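In the two assemblies presented below, chain A is common to both, partnered first by chain B and then by chain C.
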Partner chain A sequence: MQNSALNVKGLWPSLLTLVLLILFPIILPQFYVYILAVIFVTALLAMSLNLLVGFGGLFQFHHAAFYGVGAYTFALTVTKAGWPIWLCFLVSPFAAALAGFLIGWFCVRLTSLYFGMLQISLGSLLWAIAFRWYSLTKGDDGIHSIPIPGFITSKTSAYYFILFFFVICLVVMYRIYKSPFGVTLQAIRDNPARCSAVGINVRRHQLTAIVIATFFAGVAGVLFVILEQSVFPDLLFWVLSLEIFIMCLLGGWFTFTGPILGAAITVSLRTFVGIYTEYWTLILGVILILLIFFLPEGVMGFFAQKFGRGRNKSTAPAREQHAES
Partner chain B sequence: METVFSVTTAAVVSQFFVGLSRAMILFIVTAGLSFVLGVLRVPNIAHGSLYMIGAFCAFSVAKLFGGGSTGFWLGLILSPLIVALISLIAERALFCHLYQREHLMLLLFTFALSLILGDLVKLVWGAEYRSIMAPKTLQGFVSVWGSSFPRYNLFLLILGPLVAIGLWFFTNKTKLGKIARAAAVDREMVGAVGINVSWVFAFAFVFGCFFAGLGGALVAPTGTIALGMDHHLIIEAFLIVTIGGLGNMWGAMVGSLIFGLTQAFGVLFWPQFAIVFPYTAVVIVLIWRPRGILKSVW
Partner chain C sequence: MLKVEKVYKSFDKFLAVNGADLTVEKGQLVAVIGPNGAGKTTLFNLITGMLKPDRGRVVFNGEEISKLPPHDICRKGIARSFQIATIFPRLTVFKNVQVAVLSQQKKSRTLFRPADSMAVEETNRILADVGLLEKADDLAGALSHGDHRILEIAIALGNEPRMLILDEPTAGMSPDETSSTMTLIKRLAETRGLTILFCEHDMDVVFNTAQSIMVMHYGKTIVQGKPEDVKNNVEVQDAYLGGADA
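Up next, the complex of A and B:
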């Protein structure tokens, strides 16, 4: 799995999955196509978070804030500023990245839990703006029926649109993960003191990682608006941040594709168990506890170990590091 | 929205006391959270759910005894005990097997627990809004410097410092408290001198959760009891223990005062964005002192 981008043989499963995903809207009912699109958006958000949590070792506790910034920027530029739609597409992820830079600039000065707490309070300020500034954001009502171009209004075309950007982001993130920068980031996660001793600027690397990750969170936010055509303050609420954090842990935070699985499990549980009972979070809680006891590396981490592929060499030292901090 | 700032002295005094009494409830809850953080080193997300259970238990006990004064006082005593019992079961059945695991897994466990407890509350009490009355002796108002002030809040202002003194006495003067403090600093050493660390942890967890229940029972007469009160509390509680200094009981007091007062004055000066004030205070504190105001035990 690690070398699949270079190894043609390892590329087969990915290509097969992609073909299946392209064919799905033809065979599956509309509802499932919609759920799949929700999973892609959530998975992109979770993966952007995992860039920081799994590979950066940062306690990014309020990632949803940037998702919300991306979504709100898109919604506001479309409805209020009336810019051409492609410009709105372009601007929104950069707005999220800018928010990421400003918040990250303060946060990287702190470590572990303090980092997370400062981020929660700064992110909550963004949430308060979305929640309370009625004249701009319509407060807790949110903004609904946002006009988007005609070619993506149907759920199937929105699905293809989201799938397209999801795959692009996935490839870019994989390249980042494999790049010297990505490797340095993982080294910083495992041993920040030693990295800074050999001359790596730890804070600058972490800040860069935050900017990149928040950019992708912004992309996910735009895709959310494409799918739902509405925004509301809950997108920036810290409960969502916690949820996506849990998705990373659930899927396997030391694996690249783990968060996709975590997002898929959570979204499907909410959707399909939610049909039968309103107590789906109870079931999610029980599943989480079973997982903690039996699959401590997450679902994907478990499979990666069991089949001996994609085993992350840095897993063991990373665990020690986290146990210490 | 019309924002006319007719800030009179009476209004300032009144909001000051409202903030103080809110801070006392926050202190009682966060002191428990801080204790668990200090000894077990686990940010207990389920603390908010236990607080909510405390409030709902207070409602049920009060209803069981006809909603009068006896019901309230019994609720105040029983609901923390019920909450402590729930946490004891969770700790001994599941949590105690996980202490060797990495930190984020423990965090994940407490999150899972909060999901389960939150849904159990919905299952047992339903989604309706509830409320209970303060007992007769604590109803009505007293006049303080020209502004009327609810008696119940005065009761909170007395109770908060009492709990603080009691906690200080417990952690500094009793053997059990000293052991718990020692386990916070060096758990291997505590084990080496022949103390069962697992039971010390169990005790610390249950003791901390007891205060979540007490806070829940105390907050019940001041507002509505509803699902979702756990979410709002837990984030405030985490921020408070962080700015105060992790695991430091007096830090929880300082943090609660900052949070309660900035919130109360925010309501006075800029009601629309009152919610922004405490968060801004947290940001300022953390930039000024990255490890909290008072010494953290971590």
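Up next, the complex of A and C:
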């Protein structure tokens, strides 16, 4: 496999990282294992968003809505419907994808910012449902102590469970990113009119991308419930959408792995700076400002430029680099 | 092969195309000329489905295409380039063309196969044909202006069109680049059996290459015919050439 964005020297760094991640629960205190699991869930969500923002050029401003749909579907099918757990697990991402399809169907008719405005309003509608429909969702209180199978209730086993699905999703997303579908999606990002002139049905392509991305957001939602065993309306709130949007920009939205880095930075800040002050977002804000000035393509984007873009590195033109400060 | 019949298009009461007619025979090199704002680009947009005509018909190979969306018209065998080079700046030159080739092979929606191994031969053949093969791995956004224009044409070739529509293919080029580009276009027309419709400001280029010339003025077709006939047409001289030659 020709790897470019995932790693530089073949598969070894990825495998090494994976082994390390598998060993972590043995060497690290429980608390850090939990934080890592949070990072994986958030990173998966951010990456699913980046599929649209970074690779599709679609301003999916309210992506968390689908994360919430996945989480709530899982919580409700487990507690209310009483379906077998594997079925709930399977159904939830599809529910998120269905919501993505319905909202996306309207949104792809618009372009750029108008797309974003409609998307944020329709997404907020989902939040309103979760917030207001008390008899079903318990509104603001949320649903807690969701019963999940015994083998994933401990934080360590939940960690492995989440890591397993995170890696699977990562590989699948990477293949999509490298596939003709992914390349075409990037071409649409760069120039939709040109794409329709080469025979590509732009709207249909974008809608497919939205369905795929919301599916992965749904998976992330399920993993959240596995980890926390509760759901609440904040999962579909626009603030979270903004946060994951920032993660994509922070990590580097034109790189494949950037959002993981963005998620790791944001979650760590929230956890470790959050201990000292509730105004940890202030620090995030300062970082963001510095980022815009010095690393406009994000942290990962900066390294990708600096060390070449995979197979194109030898011939890729050296672009203006104004990050030496 | 292509017939445009009495096509009208207005924007906010401004008649950009005001009853244009155009006939393109198979294998011909046809030029559309006219002063700035004559409606040449609008006409091309109407043919390729980027805009829908208010009235009139566009017929391609006996089939009316005026109501089809751009991607369907492309599938019928009409590919185009744009006046302002519209490439995919963040993709490599190779991928720019590959996107079109994949679309032509109906593989754009393939999800789980690496694109790196698909349509490589076809893409490289096109790049070699237009002389961009050495730059295949460069980012398209970093190419020179002249190469942008060539890449435009290469993307259009990715669709294996029967007819190629070029909107000012040599705009902004140096005289050297212009002549080499026109040579390229003529060669492509011959080797690939392409029918080519283009518009151009450089009169020398037009009268040296085109087999048929259509003159547009204020959105109307004044005349279409062989270069000699067009040159001698009184109305054309009044509207356009007179000013240019004087």
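Methods note: the second predicted complex is superposed on the first by the 300 of 325 C-alpha atoms of A that agree within 3 Å, B and C clash if a C-alpha of one lies under 4 Å from a C-alpha of the other, contacts with A are read in each partner's own complex, and residues count from 1 in each chain.
Everything below uses one rule, namely that a contact is a pair of C-beta atoms (placed from the backbone, for glycine too) under 8 Å apart; a residue touches a chain by one contact, two chains touch by 3 or more.
Treat the numbers as computed from the prediction; the structure is a model and nothing was measured.
Visitor: Regarding the shared-chain residue A:A197, is it in contact with chain B (first), chain C (second), both, or neither?
Guide: So A:A197 only meets chain C here.
Visitor: Have a look at where A:S241 lands relative to chain B and chain C in the superposition and call it first, second, both or neither.
Guide: neither
Visitor: In the superposed arrangement, does A:T208 touch chain B (first), chain C (second), both or neither?
Guide: second
Visitor: For A:Q186, decide between first (touching chain B), second (touching chain C), both and neither.
Guide: In the superposition, A:Q186 contacts chain C only.
Visitor: Touching A:M117 in the superposition: chain B (first), chain C (second), both, neither?
Guide: first
Visitor: Of the partners chain B and chain C, which touch A:R175 in the superposed model: first, second, both, neither?
Guide: second
Visitor: Which partner does A:L288 reach: the first (chain B), the second (chain C), both, or neither?
Guide: first
Visitor: Across the two complexes, find the residues of chain A that touch chain B and also touch chain C.
Guide: Of chain A, residues 319 contact chain B in one complex and chain C in the other.
Visitor: Which residues of chain A touch chain B in the complex?
Guide: Its residues touching chain B are 106, 109-110, 113-114, 117-118, 120-122, 124-125, 128, 131-132, 134, 238-239, 242, 246, 249, 253, 278-279, 281-282, 284-286, 288-289, 292-293, 296, 319, 322-323, 325.
Visitor: Show which residues of chain A lie in contact with chain C when the two form their complex.
Guide: Result: residues 1-2, 175-176, 178-184, 186-187, 189-191, 193-202, 205, 208, 254, 311-312, 314-317, 319 of chain A touch chain C.
Visitor: Which part of chain B faces chain A closely enough to touch in the complex?
Guide: The touching residues are 1, 43, 45, 94, 97-98, 101-105, 108-109, 111-116, 118-120, 122-123, 231, 235, 238-239, 242-243, 246, 272-273, 275-276, 279-280, 282-283, 286-287, 290-292.
Visitor: Over in the complex, which chain C residues touch chain A? Could you list them?
Guide: Interface residues on the chain C side: 48, 50, 69-71, 74-75, 79-80, 82, 86-92, 95-96, 98-100, 102-104, 107-116, 118, 135, 137-139, 142, 155-156, 158-159.
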